[in-house]
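The same subunit A turns up in both complexes below, where it pairs with subunit B and then with subunit C.
Our next item is the complex of A and B:
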């Protein structure tokens, strides 16, 4: 026990209890050392500090390992079963741990011992804990033998399914599908019956849980039962009085439709789907719009052509903006997945007219949702159609009053570039970019800066030099720091794209010119630019052009500039050759290290130790 | 109409925190002891002449009221089964009462409620950005449908809604490895075997834990909260906006109604109360200071600025006066349990509306019409702005609402009979039957009638609650909570 700290540190991460019990440890001369950390862990299970309890629960496997399988089953698990009063995060950790506990209770033979604690966790009010308990139950259900599944697991599912409180019944909904495939046909019938009962439960909570698991349950059922049982449940849930239940049936619709043979879809699924697409509640219609691509894939090309196209048109014209926005988001995906033979006709005659209306929608969310996907249509429609039909829409959106719409168009320029080349757009693009670049909201300016490298790549170096270069330089003296910072970063990306030579001719002189600016913030921007550009520009430009400017700024009267000089020198050090470092950088840093300002001193010393240690490494 | 008795003397409850900052149950003995503590001189003086006693009593009550502003009950609410009753007060506390289990030996004790849990729900705060004090007063309490062995309620002050869990614990773990049961640290050398804690039964402990805090969504004062029948959402209403929350998500809410005009100088009305339909999860109603109600359908649109129904009674031009607008402001709106009717309370009346008839109320009941001639003085002492609430009985056949002078009123919708009862210490003797009270309107006062001029306007009954299925009522009279039940035969 000469060094207890060292001895226990690898085993336990808890400093706190050791601190409390320091005297106890020091006095300890013999006794079973290995038990001590475990004893601490067990006691921590009920510490008043939540964090300690949580840590202890996360080490539950260590405790179980020390106790052995027998005591884990007979003592630890009964204790944990009743520990449901704890904080959510502790319960969550416990529920998760128990999912990986099979070996610690003695292997698959004894896995059913884990059911009681998980059962009590599956009834707590906190959804995340319940869900985790259900997840763990699903996991360990696979480790049950078929016999154990019927003797232990299935009764638990039944108990939960017929529990007094809806929390337990909602948990049951997630467990049917894992035990169904592995039980006898009598038990299967019971399970189906239980599921049916829960689908018509009194509380909407349970009906919602059942509706959300309907698809999953349908997948494990025999096809005959899907047709006889699931369809009727699906129809009932899809016409539930609560729209919160109906909208979940839409999700189930996708998985059910994939299970059924094509010829049954029309009679069994489509009536419900049509009804959902025209539901009185916008939330249900929203769900249909949101799941439209999945639905489209599930029902296949024929039904898509006949049914989904008109439904989609309606959703695009819906009276509720939320629905229109959700549908607008799906325009590209929907068009992409249309059957190839009739794709163009459908888009041109049915979809495009609706899209045209959305361009001048009253709601900006709808317009910006559309703007984020509309460019994608050009690849589907090809050059001629794009020029004739889509281009006017792009141009209209580029002039939209809402910056988000314009940004979304600009951010997707690459799609159009591939099809018609960006020149077609550039005349309208430029005013839009300029306007965004000068927007009063700095977040809008920030967004457009982030698209600049992309735009530069699309538009080419000449166009950039001619039209956009001034903008990029103007951002360097923006009054918002975040913009200046982003502008610096933007320059670096541009140099990476256009090369060092371009940088030397267009950017570097302007950046270095700012070193003489009367505003110290602008002088600092010069330093920040040098920091990020030096690597991209290479040794020659850095040594010949940038370094003299930096060194000269070490005499700046503002301390902030001086200590940023020290930082810059450290930053560009790796790019410089060693002679420049020794003859030019070192004297300046040494001078700064004797500065009157303590921050300047500090950063100068940092730079000296940083640079010269790295040089040493290099020379060695 | 039934007779109401206080059933059993100990059914009368003091407000929480009256004596020592926590709820105290005040029986006959408790009460006299308290009086001794508070004012020994008073007891002595009670021996004196009646007039003197009254004087001292009054002064005592005044002082008492002054000293216990925080104890004034600001909301009363039964849970969906009626097993629990919660009160909130101006001091930010919530007291939950639990109904005593019925026992065969003492059948007359049915309906007795005992303190179950007391906790501080809200604390006074200060909004530094707006330089505004935020009172801790509990404006509303709403119970959630029961989902497991614990109970859940929402409580709100002007700005923040909180979800509380009230749960029981009757076991505690015993057995430490590193210390003895009395807390002494064991010599680690003696630890030769591991002990797993064992849960042992202990005295029942009721805990209230805050589960969620829904804040930063209201610029104005929250006047209502209402839980949706989908068990998933609730709404909170302030003077100008209604927000919809998911009970599990605290960092996001949806604004569904916003009546704030672009220019606040054009403001002509405010929202006074709002409630969800008891069964249809998409329907809710909100009332306004102009005496109107709007029914909204959340299915139609995400923003419910456009109502689907608009309930308004045409104004009677002959009754028009300076006070018309003030007294027509709706102070409370409640759906009937069946969901078919709406009840609204304005300053002088209670009205029952049929959801299918927007043009006028089905029934109108005068609560205290004798005050119509007193509006001027009620305006001067601000009483005209009092917000009385109203409640339905379990079968929607009787409605109850409060008045002044510790009076509360009941109206039987079938027989059209009404009664005025008084909640006061003097007449709630053990199992006493409450005598109907009468306010005299004419010049000549009969015996046991009270003249309008002698009504005490500081004793107002604003908050009442009716057990969801039985004839048990809870009446909050300033800092006292009275529980009455219909007479046991």
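Our next item is the complex of A and C:
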């Protein structure tokens, strides 16, 4: 900005002309009160309080609707164009609103009126505001007629592209691709020229913006220009002095490779891609690893075989853990997408040796990234290879020192189950599960609990009763509430899987036994279990076995237990039959409703009104 | 790992400190993407023992030898070669700092090559993705034993009396500076400290690079403010800028004013402001001392970005405002007093006592006091409400005591105005209470 003082002039200076607008509304309403709220909104646009201005801006469409299209164009928009000197939060709201303003200024015919305020917003420093303004500009560009696009929109893009301050040039980068397809060929040539200039801008911010839009722009260009223009820009950006620019070129590489015919890829794209995969900055190599599956699809099977396989091997062996982890994440996808005729050979001779090394990597993120996908290889390689080559790796990872690695293996057991059955693993599985179940970090314990229903389903009820049941019960008395809570939920899922009869024999007695525990937290756990189990166990078990215990606990000396009794009774009410409700539950709740403790009273009354009002309606 | 001790059973939080301790042990990182194969180094004869005709040749051999890079993350490999390189570097440092006439023109490219090969590298990814510079221990550069000596060598090279910028500028060019600036993101404070001195020397000796350096710092800052919110060397760069600004000629160029308004002022919004606020405030004040006209826009900028929820930052802002007021011209003060004192009045009434206290300390400053006295008719009406109210309501006794003193000072400045304000404040309050009391009745009548 040429004159910084201007920016900080008090807002009232800019609002002054608008004051008349608000008064005007008031005067012309002629006692019509319905417009009064609008006048207030307008008035608040110039309030000193940011929050009020913000509220008002958010209701801008209401104001515009009340003013009508003409006054919106001639008075509201010029005013808003001046508001650009407001707080960023207000500007963000304004930028968003203007994207939806087409009908409010009179439809597509007048949509260009929205350009001046959005143009100013697109030059603001704050990135969020600028991005939103560009988004709105892209949106309304579609509503311009081809003529208006050339007369109004394209000149704006040019102005932004040649602005003094970097912000306007960055914004311009996002606008080329939306107007390019719909303008005449001379204008197209100009647009290409502008884009070219921005790609070699001397501010890295602008080059980054251009690099990030390169793929998008390539898509709307004619193929000849892709070959002549885009490729040279792509090559230049991919060897930029700043790695933050180079890595964005990798992203563009995917789109560009998709656009070009196969025979041109080798000469036009591959040299750059090879260079990126061996870039001296790990950020660029990371990006290549991260986009590897997309790149693989874009360049096709032949290049994959000859070029990408060795590149992928290098990334899996990269000196930077970050890069190895990103590549490890892609192992399964990469193998899946290999051409079928040579898939197995490539995996066995080239990929698997690297994978074996990664299993004992020094970095835990690498190992855990690998653990999250390695099981997927078994479906690709089939039974024999899995048993011979992959199984030892699974077992090694199940014994890994890092809990995340073990968890990732366990969470993907289903893939292996389909190929070789889980029995092969169960010997090593059990110690791993037990160790995770007792891990010192409660988040690890929580994670393994969540896999329990899945494991139980695959290992079968016998194995479960024998080995895992004790663990599930032990979690009920964990010292962290979140674990106890998850444990109750786990029990419910197990009952849904194994049935009520199994529950009655194995779980329910133990849960009910805890009702006599000296620790009140454990007694409460009984109640929480009952809450979640009653539905799955059915009326019989609930009425005969659970209800007596709950009722007995209403005499507990700890108030927290007593009000949880009230809550439980409300919860299991729907499972019970009405006679039990009337003869057993109601008296207890009524007694609790006269308890000395305020909370117990409250929850008892809650339960009575909740339960019996609905029951009565039903019985009637 | 599976054994949980009794204390942990009771309190799951004890693990936290242990985790932290574990993490701190391994805080070393390094990143060298090697393509060349390692060959073992063999020691060369000492420079001082060589006949003077062969010294130059030996010097160049040694420089080449020092281009070999080693993996310091692996502390057991290549120990012998690492030691040879370290000794050689030491010798080189010594050689360029004590001898005259060693910087012949042919040595420049070799020197520059050795320096570039060693120090220019992509910084490794941070060990700790949510590294908090205020809390966490930084990751130290593992290859420091070598890199430190290379930096040392670079400094001695630049400071050598025979050093000729006209020759060196072929090697110490824009690209060199750009890579140097990128290294300021290093987490290792020792490295940043060297970089600071190096960049300062280069700025001093290479006039042709000055504008370029300023522009690139500008870019780094803009990226820091608007894109990444992360750069480890902000404080160091600001420190260099502080001395650069000091040397700006008057009148200030538009470029410099733009830097102040569009980079330095918005920089106050950064999350990690505490890490570089002192240096930032210094730069701002330097600017205002150069050109007082800038005071108004700068203060308005600070008011625009005034922290809304972070009390720690508010205290910093108040500190900076005081520094600015220390050098403000009375005419500038008049221009800014209204919005400024509205903010100060809000700070004084802040429930966080450190904010209130910091704002009230303004009244201990003789110069600020004189400015207030001169404009008491404007300042007092703005401040009065807040001061009067918190003198009755603030929870913190220290603040209440401070406010009494401030009120007393203000009363002495203009007692008639003070009395008027007191009277109108009281009647205003009375009216509000009445209005509140009457409301239900009014509502009742309507119903």
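In the analysis below, the second predicted complex is superposed on the first by the 588 of 620 C-alpha atoms of A that agree within 3 Å, B and C clash if a C-alpha of one lies under 4 Å from a C-alpha of the other, contacts with A are read in each partner's own complex, and residues count from 1 in each chain.
To be clear about the criterion, a residue touches a chain if its C-beta (ideal position, glycine included) is under 8 Å from a C-beta of that chain, and two chains touch if they have at least 3 such contacts.
Since the model is a prediction, treat every value here as computed from it, not as a measurement.
In the model built by aligning both structures on subunit A, subunit B clashes with subunit C.
The larger set of touched subunit A residues comes from B, when the choice is between subunit B and subunit C.
When both complexes are overlaid on chain A, the residue A:451 reaches neither subunit B nor subunit C. In the overlay built on the shared chain, the residue A:166 is in contact with subunit B and with subunit C. In the superposition on chain A, A:40 contacts subunit B only, with no contact to subunit C.
In the superposed pair of complexes, A:243 makes contact with subunit B and with subunit C alike.
After overlaying the two complexes on the shared chain, residue contacts for A:439 are found with subunit C alone; subunit B is out of touch.
Looking at the shared chain after the overlay, A:280 reaches both subunit B and subunit C. Once chain A of one complex is fitted onto chain A of the other, the partner contacts of A:71 are limited to subunit B, with no touch recorded for subunit C.
Of the two partner chains placed by the overlay, only subunit C lies in contact with A:401; subunit B stays clear of it. Within the superposed three-chain model, A:79 lies in touch with subunit B and out of touch with subunit C [touch as defined at top]. The superposed model built on chain A shows that, among 3-11, 327-335, 381-389 or 435-443, the segment of subunit B colliding with subunit C is 327-335. The intersection of subunit A residues touching subunit B with those touching subunit C, taken from the two complexes, comprises 125, 127, 165-166, 203-205, 241-244, 280-283, 319-322.
Every residue of subunit A that touches subunit C in the complex is listed here, in rising order: 1-2, 4-5, 7-8, 87, 125-127, 165-166, 203-205, 241-244, 278, 280-283, 319-322, 401, 403, 435, 438-442, 479-480.
Taken in their complex, subunit A has these residues touching subunit B: 21, 24-25, 27-32, 35-36, 38-40, 42-43, 45-46, 66-67, 71, 75-76, 78-79, 82-83, 85, 123-125, 127, 165-168, 203-205, 208, 241-244, 279-283, 319-322.
Across the complex, subunit A is touched by residues 1-2, 4, 8-10, 12, 15, 31-35, 121-122, 124-125, 175, 178, 182, 219, 222-223, 226-227, 254, 257-258, 261-262, 266, 296-297, 300-301, 304 of subunit C.
Residues 145-150, 152, 165, 167, 169, 171, 173, 176-179, 185-199, 207, 211, 229-232, 248, 280-282, 298-302 of subunit B touch subunit A in their complex.
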